[in-house]
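To start, I am sharing the structure in question, which I have written as structure tokens.
Should a chain be cited, it is by its letter among A, B and C, assigned in written order, with residues numbered from 1 in that chain.
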Amino acid sequence: MTTTALERHATADEPGRPPLLEVKGVSKRFPVRLGLMKKGYVSAVEDLSFTVKPGTTFGIVGESGCGKSTAARLILGLFDVDAGDVLFEGRNVVSARRMPNIKEDSRALRKHMQMVFQDPHSALNPRASIGEIVSFPMKVHGYPKDERRERTQWLLEQVGLHANHASYYPHQLSGGQRQRVNIARALALSPKLVVCDEAVSALDKSVQAQVLNLLQDLQAELGLTYLFISHDLNVVQYVSDEVLVMYLGQAVEVTSAERLYAEPLHPYSQALLASIPKIGLDDEPSVEAPRLEGELPSPLDPPSGCRFRTRCPVAMDVCAEERPPMVEAAPEHHVACHLYSEGSVEPLAI
Amino acid sequence: MATDAMTTDAAALARQWMDADAPASPESYLQAGRRRFLRNRVGLAALGVLGLLVVTAVAAPVLTTYDPNVGVPADRLLPIGADGHLVGTDEQGRDMLTRLFYGGRLSLIAGLTPVLIATVIGTFLGSIAGYLGGWVAAIVMRTMDMFYAFPAVLLAIAISASLGPGLVNVIISMTIIYIAPIARVAEAATRKIVTAEFIEAARLTGAGTPRIIATQVLANIFSPIFVYASGLVGLSIVIAASLSFLGLGVKPPDAEWGFMLNSLRGTIYVNPWVAALPGLFIFATSISFNMLADALRDALDVKD
Amino acid sequence: MATIIGRRVAMAIPTLFGVSILIWLLLSILPGDPLAFLLPQDATPADREQLSADLGLDRPLVVRYVSWVGDVMTGDFGYSPFRRRDVSELIATAWTNTAILAGVSAVFGLTIGVAAGTLAGVYRGSLIDRAVTGLAIVGLSVPSFWIGILLLILFSAQWGLLPAGGIGSLEDGYLDYAKHLVMPVIAGSLITIAITARVTRASIVETYQLEFVDLLRAKGLREYQVLLHVSKNAMSPVLTTAGLQIGYLLGGSVLIETIFSWPGLGQLVFNAISARDLLVVQATTLVIAVTFVLLNLAVDILQIAFDPRQKAAG
């Protein structure tokens, strides 16, 4: 098999509309010092692939430390990748290979990929006014002064702030207001893709709902595509069309939000779902939901084969030996687990 | 999305109440700092003393009619309170008050200039090292460490000595010894903010390193550097005077407090209190700068 | 702990190496003609070249540096034509004299500083505290050479109580030797007193706010016993700045020794500067810097040995 199921899925789907973002086999290791001479590597992201269709919301969910924030930064070119490629509208913006013109291309293209950051405290320059913060990206891209002022005002109003807020400083705003500024800045260059990295995690529940609604509202108005990253499965499910479940740097399951909710296949996904309180009454999980036990293994020395096997209630011998390939167990439902094979959602007899 | 209809309403609702109250121009960081400073009496008093010293130095020709460099031999070593010479005369019969006023010019220049230049260079080096990290930081900061292996005053003396006497050389040697500590402060402050998400946001806009340092980093490392550098000025005034005292600074007959203190050293048995006056001016300047620095630190609310 | 100390010692080696390069560069390639003062007024260019070759100044920089370091390692600092003595000989006597003055100043300054800072910290907010804090900022701002001159005016010129300068001889008795030390020690240690008092006060105040103090009081310890525990825990930052103090004392020694004619390294440097005797300036600066590095190393090792947290980290 030369192409993975996921890649086939991406190209086969809606031939008229090419994917906005294609992530192909992206990996990243960080060097760490273990002692005076010893050096080790933390495997943050390993062979990550997925595609995002324009106008949709693609969610990535996983425990903190699973590499999802790193993945976001790799896609946006904030870190260099060790392996793999990222294509935006079919053009390479990030690559481990040396390619001519990628620098100029990606600088122009990256304008269309912006990010809403997690921490409302550290995401805004404390010494800059809100107006300066929101207009900075436009300044970098040479927008004329009048246009900058006008657009800043428009953006602030778009995210539910007042134009007067432009003269405020970050510390004079509430967490929710700061997050709105964060969003306004991400929209300043009229991006097509907005990566939301735990964009609501630091907020109170009630404010979370407001900001999520604002994001959805803006998506409808501006035709945005979101890559929505969170540890909170509830939040991801609420906003996403498709969801990728990540564990210790690897994708374990990719499918639509509805299917993941209704019929999670990977034991890890099942455990994640079981750990959140459900609202439905007769909503029986399709598989006996295992609880997550034990600690997340150290990414310094990830388990061999399937990285989840040390915490998996149904781990088999093969799990330690072979990394399970991503298979399309059901239409539009991909899972990386030795329990499943291509086209079969029935777990193999153990 | 399935919930579109509902969200639009919610967002509209949210907008309504968020709009409700947004006064036009709240107080900025520096305005708040200024307000706090203006409430600090010690700081204001220090500022007043320094203002007076600067005025007497700048307006010296207006304030006195004596020539600072040419004396009347017959009027040598007059005591404090002598006729026509408020605080006496020096060993060449020159009016002390005149020379103290004029001396302030070179003393203030020699004390302040090195701090200013070193702040610019040190901030430049430290912010680049802190921002880029890696081997750039290693080279810059290990070089800076070398300067910590010397007692600072001694290093300034050694550099001045090898450059030869002169005010410019004093300024150069003192600049060199201040660069290392300021670069350290700048590097530490930069490292503290370089991982902040707003720096990543700036990088995402496609802005280059110089622009990010200029627009995002500098404003955020300003206050620790400013507080450190202003604390250095008091010391710098003393070191500049020390170098002049050792004969490394101005050449006679120019007036400079440290140098005057040295040339009057031999007269303490004849006219002791006049000989002590230049030191008093050095001390007053230095302590005023130190108190001003303390007041500024409190006003800018920098925790060490 | 041994590994931490070992690492700290290993770190000092490149520092010493860097120091030697810096000093050598400073006095070798900076502008200023080292020959100008050595040559007679009517020297010809041929004389100049001859002297340059004799002194080895025509060799490449790296060769000159290596040969200089080699000489220095064997204690050969060259010959001072101005003083007509071997530089190492000049330095040996001067080093001892400076060590005595700086040592006494350090002990005096640290003792007074710790005592004043502890008093201020224990009676925080009191009149004592305000006096100590105020005097500390005075001590930080006052030029030591001015205090030296004021002391001379009062104790020597006006009241004739103390000798105006020079070093006493032990043959004249300890009292005479001590009398010569009084003024230079006071003038030289002012900044040490000020910094130590500030740091001690801050550290004591901070330590008193720690939980263990309440615990000690709850156990029924007397207040002076509590203070003993507090000061033991508060001493680490004081020790850290002690290394810095040595720097101030050594750097300040040039001024103090010049004013009080104390025949130490500082005075040696000052005289050498006046005479443009760069070889002596170079050698003396190097010796002071090396002394400084080694003393700082000793302070660090002491601190590692005494600080339980550092021990655990090792």
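The working rule: contacts are C-beta pairs under 8 Å (C-beta built on N, C-alpha and C of every residue); 3 or more make two chains touch, one makes a residue touch a chain.
Every value quoted in this text rests on a predicted model; they were computed, and no experiment measured them.
Novice: Quickly list, by label, the chains bordering both subunit A and subunit B.
Specialist: Joint contacts: the list comes back empty.
Novice: Taking each chain's centre as the mean of its Cα atoms, which chain lies farthest from subunit C?
Specialist: Result for max centroid distance from subunit C is chain A.
Novice: Going by C-alpha centres, which chain is most central here?
Specialist: Smallest offset from the overall C-alpha mean is found for B.
Novice: In whole angstrom, how far does the Cα centroid of subunit A sit from the Cα centroid of subunit B?
Specialist: From the centre of subunit A to the centre of subunit B is 48 Å.
Novice: Rounded to the nearest whole Å, what is the centre-to-centre distance of subunit B and subunit C, using the mean of the C-alpha atoms as each centre?
Specialist: The computed centroid separation for subunit B versus subunit C comes out at 24 Å.
Novice: Taking each chain's centre as its mean C-alpha position, how far apart are subunit A and subunit C in Å?
Specialist: 58
Novice: Going by the touch rule set out above, which residues of subunit A reach two or more other chains?
Specialist: None at all.
Novice: Touching subunit B in the complex: which residues of subunit A?
Specialist: Those residues of subunit A that touch subunit B are 57, 73, 76, 78, 107, 110-111, 113-115, 117-119, 122-129, 133, 136-137, 140-141, 157, 160-162, 164-165, 167-169, 172, 177, 185-186, 189, 209-210, 212-214, 216-217, 219-220, 238-239, 241.
Novice: Taking the complex as given, what residues does subunit B use to touch subunit C?
Specialist: Contacts found on subunit B: 145-147, 149-155, 157-159, 161-164, 234-235, 238, 241-242, 245-248, 258, 261, 265, 268-269, 272-273, 275-276, 278-280, 282-283, 286-287, 289-291, 294.
Novice: Residue numbers of subunit B touching subunit A in their complex, please.
Specialist: 1, 3-4, 6-8, 10-11, 14-15, 18-19, 22-26, 28-29, 196-198, 200-207, 211, 215-216, 219-220, 222
Novice: Sort out for me which residues of subunit C touch subunit B in the complex.
Specialist: Counting only subunit C, the residues touching subunit B are 15-16, 18-19, 22-23, 26-27, 30-32, 137-138, 140-143, 145-146, 149-150, 152-153, 157-158, 246-252, 254-255, 258-259, 269-270, 272-274, 278, 281, 285, 288-289, 292-293.
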